[in-house]
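One chain, chain A, appears in both complexes that follow, with chain B as partner in the first and chain C in the second.
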Partner chain A sequence: MSVQTPAPATAGTRPESDPEGRGASRRRRPGPAQVATALFLLLLLAGSLTTEGFYSLSNMTAIANAAAVVGIIAVGATAIVLGGHLFSLSIGTTVAVCAMFFLHVLRFGMVPALALTLLFGAALLGVQGWLVGRFGANPIIVTIGAGALQEGAATWISGGTSVYPPPDAPDFSWLASPLLGVPFPVYVFVVVTVVGEVVLRRTVFGRQLILMGESPQAARSAALPTSRLTVTAFVCAGLTAAVAGVLLGAFNQSGTLTTTGTLTYDSIAAILVGGAAVTGGRGSVLRTAVGALVLAALADMLLLRGYSTPVQLLALGVIVVAVILLNHLTSHDKETR
Partner chain B sequence: MSVEAPTRPSPARRTARRTHTSRWSGLAALAPFGFAALMLVALFVVPAIAGREPTVFSVYNALQSFSGMALVALALGLTMIIGEFDLSVVGTYALGGMLAVELGVEQPVLGVVAAVVACAVLGAAQGWVVARWGVNSMAITLGGYLVALGLTGTIGDNRSQAYENYDVSGALNTPIAQVLSLRSLVALAVVALVVAVVMLTWVGRDLRATGGGRRASRVTGVRVDALVIGTFTVSAVLAALGGALQSYGVATATSNPGLSPLIFAVTASLLGGVALSGGRGTPLGIAAGALGLCFFAELFTTLVTPQYVVSLLTGGLLVAVTLLTTPTASRGWAALRRRTGARSRGGAEA
Partner chain C sequence: MSTTPRLEVRGVSKTYGAVTALDRVALDVRPGEVHALLGHNGAGKSTMVKVLAGVVRPDAGTVLVDGEEVAPRNPRQARAAGIALVDQELSLVGSLTVEENLALGAPRGSVPDAARLRDVLDRLGLAHVGLRAPVARLTLGEQQLVEIARALSRDARVLILDEPTATLSDAEIAMVFTAVRGMAAEGRSVIYVSHRLGEVLELCQRATVFRDGRAVGTRDVAELDRDSIVEMMLGHVPAGTERPARADDGAAPALRVTGLSVPPRLAGLDLEVRPGEIVGLAGQIGCGASEVLRALAGLEPEAEGRVEVAGRTLRPGRPLRSAAGGVRYTTADRKSDGLFLGHSIARNIVATRLPGCGTAGVLRPAAERRQLAALLELTGIPAARRRLPVGSLSGGNQQKVLVARSLQLEPCHLLLLDEPTRGVDVGGRADIHALVRRAADAGAAVVFASTELDEVLELSDTVVTMFGGRVVARHPRAGLSAARVLADTTHGAPGAAPTPREAVTVA
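And now, the complex of A and B:
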């Protein structure tokens, strides 16, 4: 069997094996960012043209508000995906458990309650990250198991009932109220997104995490602290899940496991629609935020048109499949088996 | 610098090493059956200790659960053997049940066939994408799961649907020989068929080879792509059959079963000796793991344990089994085997 080596290309000429200028066409292919942006613009266009009331100010506020909670969760969970550890399939449960915890510890005052809830969320995900990073356990299975454990423990402690804030709890209604006409969670979403982008792009941790996701073997060869990076990525996800839990608890004024809903899948879909590679190493917090907005706009449009929740779930599934395929086919570093 | 030729181990040492290795492999292969047997014994002993009367009806109940869940475990386990992971089994399980209930009132078999065909198409599409494009199976089957769940909810109007052919439900649940039923017999027949095909033909060997190393398998002539597509198709068919059997049995199709079937399937597969990295495990082991897990769940039902305890135990068991099968744990097991092997070889030589 002979192995042919490609002839070296002369400067200024196209190699024979590339008569159509595939290099140029490769440059013309849309990247994940362009795909996410184009999808969002198409959605807005279709929505504005075909759905009555879609472009109204109140509807836009509703979309931003809906995107905020999912976006906050997704921004943190992007760290897990970027590090090459797929997804957390119990992050919605963690959000619900954090909401219950926040309302319970409000008796200690607002600041201690916020600090304790953030610590609690970070610890819940941190332990899962430790199991994944230290022992090489499968993240999907660990997070599914952790979800069952959290549900069991929450039901045990709460007695299976909703958790309400104590009568002497400090005023927390501002967490769910509008500020200058914009819901408070939207501000939090913006702040979390900016902080997340800075952490992932401008810090050593962020760069090391992306390298680990790109090539775990290279990261180990470069003596990067892979276990610590994994734990930190999960802790980031835990912190944002706790923030989302606080906002949801404040909005609902009660905490129950049913709050979970489709938060897990919505956040994963937001990350994927934002163009993150499921194998890690590629993605951005800003694009994840755009992904959350795309999905919120889609859900809003379907709701305005009178479609039920399962249809929204179906549309979410179709979008997830389409985006995964699109990203995979347009990426230059497809995984090969 | 002289290089010493490696000394050839003595015949006694070689025999001891072979005996030791085969003893470990034999023990590992028997572990799922040991677990199932242990749980069966516990099903009678533990309630007696707790002051409750153990009955054969508990075994019947466990086998009723087995009829639906074992097929889902088998569906997921087969994809794990080839080194993939089919998250959509929960979706196809729900979709299969809903389609069978909606379409099989007059003709139950037709309902099952429709459910199986629809889910097979979904499974084949996922398998094709994984095999031909090399897309990560967990990601693409997450999409498949959402699509299947969305379809189930849309067909079922976002609520559980009753199956109005009570004659079929009654016939499926009528006890046979005290512990069996038509429902569990059908499931056992399907399990036996899969076990026979995988373990008595070249299919099993090629499945494990594909899971062990895809490129090497291609080189040795294994039709990897066809095998991956086929496995995802069979996975969807099994999950749909499990859903249909379960829905007919309880006369209800649920629009969203949650993640419980997935937790069960993963735990049963891991207990059954399937490696997450692929290339290891048999359908018989998965079935034994599923049976043991059904006895385990029934034990807590018999003891009237609150649901949260079952959640805690299931989640804890899943995390524990996952940790025991991690690369770090595997290295630990290998070191332990070497240590005990050296000890036994020393004994043999002495």
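And now, the complex of A and C:
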């Protein structure tokens, strides 16, 4: 039983709500993990400095915009990972379905449409969370199954065509247009991240969720409300999926199942690059957001350097795997203790 | 000595920090002998077994097999020296066949052929079990025999059976006995570790008794009876600190249990506990006491029977309901379902009371700090260490964190503690006992389970002895002797065979 956990797991171990003892009795000794992390950051810095046009305001905006939707989804899905329930493998489908739903219910006015879409997303994921939390269903199977159901139902109801906003819809273009030079989704991303971080660190729910992710057995014998925590975690993911759906629907001005592409896996990659433990109990919303930004920055850098699309994808894949491995190696202390 | 002993242990010592687990232990086992190791928990017999099996390396001393010194550094080397441990925890893989299980862990290239395995199984009375049968289909007794077969198939000269019958039925125990006698007849030596004195008297030729890390004597079993064994195991009885009996004997029971069963491990328990009363459930591992506590905490969905806490009926398998009804549970296994090991002391200690630290679900740091400070003071853990991982604490302090989680919560009608001081040193133990007494004085009914005699006698107002999933008797602490408790918990009832008995109705 040694006292490890030095610097790398920063946000994972630091955010104790107690301000007094901050930094007290923490050892500082760079291990191979820190060296590797520093190396990666240096590489990132070097790469960005030698990439022409990377440090322009317009490029920064582009990166933030590219990260926004994935980041919003990932922030909510972080709750599922933290609670020890792996991932939702159909979150991208939920986003698409929410976009279609939003455009359809715009006929009732902007505020009702927003409220209904949030409710809709929360309900879709909440049911899945209930199956996982109350009956111990496997989250992978549940979310894949739920994805197929959503796709089927959406195709059936829409007749397989795209959903367009009704002609008398209220103006929703502001959801997709820049405000003070920054795209609107970026603001939403910031707000969602801050709210998510506060919920995780400063609420009873957040604290209990992390404990449950660390050890479901211990949570049960400590009489933590494990079913409710699971449902709430999934609802969080549902809410952010709905938000992402609204933004995507507004941007595309139409909703189909095919527009979501790789959102599911992109959001999972952001969470993992952010350093959340796949087994639950460790991770942070803030770091997930950073993960989304890092991924967007990497993609952007490769694009600016003129690599072809296949090369970009390959390079990105290699980097994501490397970062996740690095994260895993730096945090194995939890398992070995 | 006319013959070389099969196994000889000379001056083996082992300390863990300040705790001496083994103190210059000497021991010899003859060829063809069934030799019992006796002693109550913490006496040193498990450490001895681990040294022999190569799991633990002694600080000093030598182990000889057939006159040759062996110093096993790991279980593989111990097996190579001819020593095989059959653990009390079954280590079979249920989905694999008998044959595959027998081959598991065998040194590469030395897996015995099917004919030889068949022969080993036949000799153990498993003629009816096919080599291709999946292990999960066998009864527990048959599985225990397959474990023994695994050791035999590797030609062990010394077999160590650690509590082989703790979870078995009578018929299965008979199978194990036959197997043990057969092995001894072939000239193998068997070291038999058991709490069940009846079994020892029936099966073994000699017995070595451990007490406080020393081997206090080896006797021919023929010279012994239950009382003399208990006397050797106990040595002197430590004077317990008596807690003044509470005056409100007439108070309504805080806990009323009727016919509580958790098939197949607990049958028909009746129990009444008054507010402020501390009831100790005494028994060996597998006696059903843990199941009582888990069932009361709502952690056993299979539980049957009626449980009333402070007048409210609790349903089984609903830990949240139990907690809301004022039941606080502390597990025996702080590593697997107790502490959140990756988190700090502070996080752990307030884990059960987060809702009380918040307004409408939002944590108030000031309230949390207040709770934290109060609990740290209660446990005596320095406040400066609160941010360290809980795993960095000593076992005693970890246990204090775990116990403190259950304390000072409103409402608290019933405090349940499973092995409240497992792996805790003497000082930590006194502290934890003081915490439990304080909770009782504040009006909680306390039920704890312990396999440690001293603890049962020190902490309880009332001792309920258990054996084989049933209550043996209920004794008031005053005037209760350690010998009585040991007798109850090792062989069911005075003079009785180790079989499940009619539950003694309590209260």
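Convention: the second predicted complex is superposed on the first by the 268 of 337 C-alpha atoms of A that agree within 3 Å, B and C clash if a C-alpha of one lies under 4 Å from a C-alpha of the other, contacts with A are read in each partner's own complex, and residues count from 1 in each chain.
Methods note: contacts are C-beta pairs under 8 Å (C-beta built on N, C-alpha and C of every residue); 3 or more make two chains touch, one makes a residue touch a chain.
Remember, it's a predicted structure, so these values are computed and weren't measured experimentally.
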- Identify the partner contact of A:Pro183: answer first if only chain B is touched, second if only chain C is, both if each is, neither if none is. neither
- Task: Figure out whether A:Gly129 sits in contact with chain B (first) or chain C (second), or with both, or with neither.
- Result: neither
- Touched partner set for A:Val204, first chain B, second chain C, both or neither: second
- Check the residue A:Gly245 against both partner chains and state whether it touches chain B (first), chain C (second), both, or neither. neither
- Answer with first, second, both or neither: which of chain B and chain C does A:Gln217 touch in the superposed model? second
- Message: After superposing on the shared chain, does chain C or chain B touch more chain A residues?
- Response: B
- Partner chain(s) touched by A:Pro225 [first = chain B, second = chain C, both, neither]: second
- Message: Does any part of chain A touch chain B in one structure and chain C in the other, and if so which residues?
- Response: 334, 337
- List of chain B residues in touch with chain A within their complex: 85, 87, 129, 133-136, 138-140, 142-154, 156-158, 214-215, 255, 259, 262-263, 266, 270, 276, 306-316, 318-319, 322-323, 326-329
- Okay, in this complex, where on chain C does chain A touch? 297-299, 319-320, 322-323, 329, 331, 336-344, 346-347, 351-352, 354-355, 357-358, 361-363, 365, 368-369, 372, 383-389, 391-393, 405
- Which residues, counting only chain A, touch chain C once they are in their complex? 1-3, 5, 13, 16-21, 24-26, 202-205, 207-208, 210-211, 214-215, 217-225, 281-282, 334, 337
- Message: With touch defined as at the start, can you tell me which chain A residues reach chain B in the complex?
- Response: 86-87, 89, 131, 134-138, 140-142, 144-153, 155-156, 160, 265, 268-269, 272, 278-279, 308-318, 320-321, 324-325, 328-329, 334-337
